[in-house]
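A, B and C label the chains in the order they appear, each numbered from 1.
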Amino acid sequence: MTSAEKYVLAAYLVFLGAVLAYLVIIALKVGRLEQELADLARLARERRGG
Amino acid sequence: MSTYAVDVATLARKDVLLELRSRDTLPAMLLFVVSALVVFHFALPADASDRAEIGLFWIALIFTALLGLTRAFAAEREQSLLDGLVLAPVDRSAIWAAKVISVVVFLALAEAVAVPAYALFFQPVGWELVAAVALADVGIASIGALLAAMAAASRSRELLLPLLFLPLAIPAVIGGVGASVAENPASFLGFLVLYDVVFAILAWASFEYVVTE
Amino acid sequence: MSSLNKAAPALAFAAAALLVGGIALAIFWAPEDVDQGFSQKIFYIHVPVALTAYTFFGLGAWKALRLLSTRDSRYDLESYTAVHMGVIFGLLTLVTGSIWAKTSWGQWWSWGERQLVLFLVVFLFYSAYFMLRYSTDPGPRRERNSAVFALFGVALIPVSFLAVRIAGTILHPTVFTHDDGVAMPWEMFLAFCICLGGVLALAATFYRVELAGKRIDASLKELREQLA
């Protein structure tokens, strides 16, 4: 692989890496929101005296 | 329209007099800029070009301006004057205009010392540098007055203001240094005028949104 | 008022198709640049990402303007998300641009490369936007300050462009440009457009997802305050 090809590949890999990293961040965020929602649902139930 | 001008003049007078009486910011700015110039001399290797020295002058100017701006709304903050001013039957943008005038006055006073000091320590200055400094002052004051009000609403004012200010100051530095070193300073001076007009209008129009509670 | 309405899956699908197709065309089909050789192919990802970043900054400013004129808090999150995405794509622009610079002129960074220098200034400005948000307590004050700052950003873009342009050789030794101007063969242009469409569709998908996340976060916070 020529040097130019390596750099081009690197640039596209950076892009791919960023997209995948964002995916990971979103996954973590959804997990956190899910947890928070579950907590709040429990709180609401307790409040209702359930 | 005339009451607007009167309001601006009154507020500006208040700012300048308050500052001159308290002897707070201005001496600090003067000492800072001279100290900075001395530090710059030691920071430059012996064979540094004349152009590098010009660049350092502008850096000193920017940071001296920051020093003055950090104090721009400090007094108001300490005494909740800004809230009072905002409640007063005064067009909010007049507060901004007055602040710009007072900042320009302080910058001019600091430069009255800095430019001769620079000429003494480094190299003689031409009219282009003085013109560029005057033009840059207006833009810096316009932007700085608005950003200082913004930063006053935050928890870390002294840290925030430089961060917000420096990217916006970059075109002013480019214009100023360019005007000081180029063969044809006119295009750079013209650019500084554009910079001033664009950001002054923007700052004037948006100031009321920044100070309303 | 759902952020992730029916449009989102369609956008995501379009992004996938356009990106895969576009990049394949760019690498395998489009002709190689006569002057720069194979390394010019970075252009097909770098320029769309840069344009997307600028688009986000513009969108952020537009939403900011809406916030200031309508005082509707909804626009605050939209403006914030747009700037957030702009900074992410901005970082990508700088990295891909740096790689391109390295393969073109042998340095990771060159102050003579006008487009990248301009971008760095704008990027710094919008990074400061985050500092402004983090250090101001939530509320209408923060919303308005953020909005005004976002507006200053779009004013900074043309002013900086002009500044970097006139600075030219006065402040930097040589000016580098990648000459991908008007003389582009139609195959290149087509591949570029498809890639651009793909990146924009991807960005739009991310924007909606991020906005939904921020909105849910805000709603949950409010709920917690009411329950706790």
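List of remarks:
Going forward, a contact is a pair of C-beta atoms (placed from the backbone, for glycine too) under 8 Å apart; a residue touches a chain by one contact, two chains touch by 3 or more.
Since the structure is predicted, the reported quantities are computational estimates derived from the model, not experimental observations.
Distance from each chain's C-alpha mean to the overall C-alpha mean is smallest for C. The most distant chain from chain B is A, comparing centres defined as mean Cα coordinates.
The mean-CA centres of chain A and chain B are about 43 angstrom from one another, to the nearest whole unit.
Averaged C-alpha coordinates put the centre of chain B at 31 Å from the centre of chain C. The geometric centre of chain A is 20 Å away from that of chain C, both derived from CA atoms. Among all residues of chain B, none touch two or more other chains. Chain A makes touch with chain C in their complex at residues 2-5, 7-8, 10-12, 14-15, 18-19, 22, 26, 29-30, 33, 36-37, 40, 43-44, 47. Every residue of chain B that touches chain C in the complex is listed here, in rising order: 143, 146, 150, 153-156, 159-160, 163-164, 166-168, 170-171, 174-175, 177-178, 181-182, 187-188, 191, 194-195, 198-199, 202, 206, 209-210, 212-213. Those residues of chain C lying in contact with chain A across their complex are 23, 27, 37-39, 41-42, 45-46, 49, 88, 92, 95-96, 99-100, 102-103, 202, 206, 209-210, 213, 216-217, 220, 223-224, 227-228.
Of all the residues in chain C, the ones that touch chain B in their complex are 68, 121-122, 124-125, 128, 131-132, 135-137, 140-142, 144-145, 147-149, 151-152, 155-156, 159-160, 162-164, 166-167, 170-171.
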